[in-house]
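Every chain is named by a letter (A, B, C, D and E) in the order it is written, and numbering of its residues begins at 1.
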């Protein structure tokens, strides 16, 4: 069985600044991987490369057997496999919650309206927002918006989900709710990559932890590396965890 | 094709073209400087707490923005001389241009001020800055920086508007062009030449504004936003 | 061309509206003036409908040059430079241009204008004449006669160079200190403008002007508006 | 030559009619052209972007009067006969498309790039993203400056007099040439302009307020 | 010795919405108090009332012996006593880091430029940002911006500091650094009010915890109430903490 996501020696530069300096890792189908590391270490950039929001300069990326780094790749097909939830949600403010979720179903998957609406209701209920179908994003609290963003990706039934710091600025109660949704997904066999700076969250959500440091994968392993780090950098990074 | 182009016929007039361009530039520079001052003052007045101040500034801005420049320049030029103020043509033209562009500038700057996030002002208040200090340091400069492109366009439009000053006998580019074509009857050639001269002046202006922007807003330079 | 005009059954004649006594709008908002009436006569005699093309001063020559109108009858003085751009008929009328000032001004000729502020209408024969013959005068060029008159009325100006017909309008509005004619600059011959390359139309127009000048119709039209007569030898100048 | 009569006023109203017709032409045609320019300015293709930019710079850098003149008489010179209305409409279209294109580009750019990314990350094409996600949001921001530009456009139609249009300003000039009462005649013309433009200005500002309130 | 901050029955309404419904608490000089509570419970509003960014409808607020609710209060004097660090930093984007910190020193305290610059350098070094003196805010990472905001307030040497969720979106390491700065300040005797949704942070930073619920102070006490809550509301709020 091929890896769900595979990075091989990926190099990404912005002008002279080398942000990813040869990153390699494999993620197996069904795995939940937490990507941690200091601010600026390249976590968001790695996610963005995986679904080709950024082009890479060297190396290979493969997602569900597709060559992402191939110039001729069918981007729309790739993005139906890979869902992404942005750090800042990026909901469409001029559409209701329902329309946000339905949009890609109708435009990309060409699903008829009634059917798309039904799917939208189902995933919204799944994240506990069934009754917000007709609200606009600005009428929702931060945590609710975050869950709409998750629902919007989920509705497309991707095989891989990328989460970029989905719990920053949520209070403990809301964080717990998001975590529960992700655990459901994991049980359903979805592959997930989760960027987070909350170690408690990483510990609870992930089968595996990848620690990035200055554009490289510095250490990785199961959640136990968070309590027993092998490298001094990870130890230093964790030291301040409360 | 019935028409033969003959630019040579215009050659003897090159000095006139240049002097016209020079007048246009003088009108433009003076109006930009004073227009900006009036505009900023009016923008502040329109946001002030004082109702009379707000009303006066609002009436000025609305009157000027909603009537054509040619009417304004007539009223100023002939109106003032009717009450016995006879001023040099250039001064009268600048006066009219400043009143006109001041109103547009006021609206643009006001929009920029309104776009300053409330949090910026609160942060300054929390630091103990006075109202005047907040206006100067936190509102005005960033507002102008925000609307700088819009201001540039408005001033270029104003530069093009200076052509109407030929109505009151200012010898700027368009006026000069009309003189020349009435002598030579080489209308197209003349208009093509002044079209190009206007383009040159436009580029000069854009360049100047760009340079001033670099100097006035060092952040844009450092962050490579210019 | 002439044949095309006849075939079309209409002739397009360009007139710059707003030249006092030559072409202006009367109280019923109808175009009138000596040029407008001349154009009406011409169309009548050609046996076609008249279509007036109302334009601005600056557009007079380009309008016929580019075929937007067949003829221009609009106080257009015949000059050598203009002849290079368009053809002219023999003169059909004249424009007397004068320098006017209040009584107090001591002006007898061009040389007395040095250092004075004088107003003209831009792109007219006056403008060219004053520009060529004075030195050191401050010349203000206004876009049309009305603006020049307004300047003289409102007190921006005391000395103007214009056609004599304008004076009445100025003194009507000017509060005291009326302007009087100081000297006549010259009497310019006015021609009907035709785009180059229309020999038949030119010839017909020349014939028409001569015939109607001789039989007095053109002179009648002119005197009706201008309070003066045209010189007898006009068409052979 | 006596005073200002009702006939004069009708003449001015007639001029106002032309002013409105020309403005509408300019707006409708300019909107179509401006949309194309906007697309060009945000295109992924460098040559297209540069062409659109050059067009904008050229048109914004020369006076409308000269554009009118060159189009009306210039087309005559190369043997293309265009009626004055067509020439004026064409010139106003070129002019307003450059300005509207720039205004709209600014609005589209002010919609955060992340909205584009979010749409593309869901597999939508660039065109779908533009239509469904970006434009509806940009349209809201774009309304006030577009109306603001329209107010300036209405006044700029006065330049169409060079190609023989008796629009409001020219009508006032013609009347002034027989009455010699500039303050009266131009004062009335100014009031007519104000009557058309002011409601638009007010509307534009109330829109702006509404949209600002929504964003805070 | 008078309380550093004293609220008595404070009522704050926005139109019909009553956000603070009679809040009272005292904070002694040198105390560090954590203000916790669900989103929308009125924590930020309480801070904003304390330095008079909002007017209150009923009740009294006293800061360092000054009557804040007095109409005739000298606002500039009050604000020299009270520093505030906003949730969204509110740095001035058109000024460099150094200029941000110097601004109030020069304008409010009328300190000459060279001296102000020296103070700015010192406090920036204190928060670990000495070398960012000439950078602009947008060139900084989130955590760095947050620390500049802290430095900007600190430079004014206020007697009371109000922190509004200063550690959201910081990774553990940066959170630790901010915490260390606050501990330094506390040792220096500064009074601090800290709004936070990270319980671990509250536990470590605060001498005392105030739990707000629907516009009221619902429970308060020392940090032990976080492990042993007395009211069901606080228990429910904490339940989801990881």
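Note that contacts are C-beta pairs under 8 Å (C-beta built on N, C-alpha and C of every residue); 3 or more make two chains touch, one makes a residue touch a chain.
If you're wondering where the values come from, they're calculated on a predicted model, not measured in any experiment.
How many links in the shortest chain of touching chains run from chain D to chain E?
2
What's the farthest chain from chain D if centres are computed as the mean of the Cα atoms?
The chain farthest from chain D, judged by C-alpha centres, is E.
When the contacting C-beta pairs are counted for B-D and for B-E, which pair yields the higher total?
Higher contact count goes to B-D.
On C-alpha atoms alone, could you tell me the rotation angle mapping chain A onto chain E? Nearest 5 degrees is fine.
175
Express in whole angstrom the distance between the two chain centres, defined as the mean CA positions of chain C and chain D.
Roughly 36 Å separates the two chain centres.
Just the number, please: Cα centre separation of chain A and chain C in whole Å.
81
Taking the mean of the C-alpha atoms as each chain's centre, how many Å separate chain A from chain D?
46
Specify, in ascending order, the residues of chain E that touch 2 or more different other chains.
none
Of all residues in chain D, which are in touch with two or more distinct other chains?
69, 73, 77, 182
Which residues belonging to chain B are in contact with no fewer than two other chains?
As it turns out, chain B has residues touching two or more other chains at 2-3, 74, 78-79, 187-188.
Touching pairs of chains, all of them, please.
Per the contact definition above, the touching pairs are A-D, A-E, B-C, B-D, B-E, C-D.
Where on chain C does chain B make contact in their complex?
Listed in rising order, the residues are 58, 61-62, 65-67, 81-82, 84-86, 119, 122-124, 127-128, 140-143, 147, 150-151, 154-156, 195-197.
Where on chain D is chain C touching in the complex?
1-2, 5, 7-8, 10-11, 69, 72-73, 76-77, 81, 161-164, 166, 170, 173-178, 180-182
Quick one: in the complex, what on chain B touches chain C?
Touching chain C from chain B are residues 2-3, 74, 77-79, 81-82, 84, 86, 89, 166-169, 171, 175, 178-179, 181-188.
Show me the residue ranges of chain D that touch chain A in the complex, using the header's touch definition.
Checking each residue of chain D against chain A gives 112, 114-115, 117-125, 128, 132-133, 136-137, 140.
Could you list, by residue number, the parts of chain E that touch chain A in their complex?
38-40, 141-143, 165, 168-177, 179, 197-201, 203-204, 236-242
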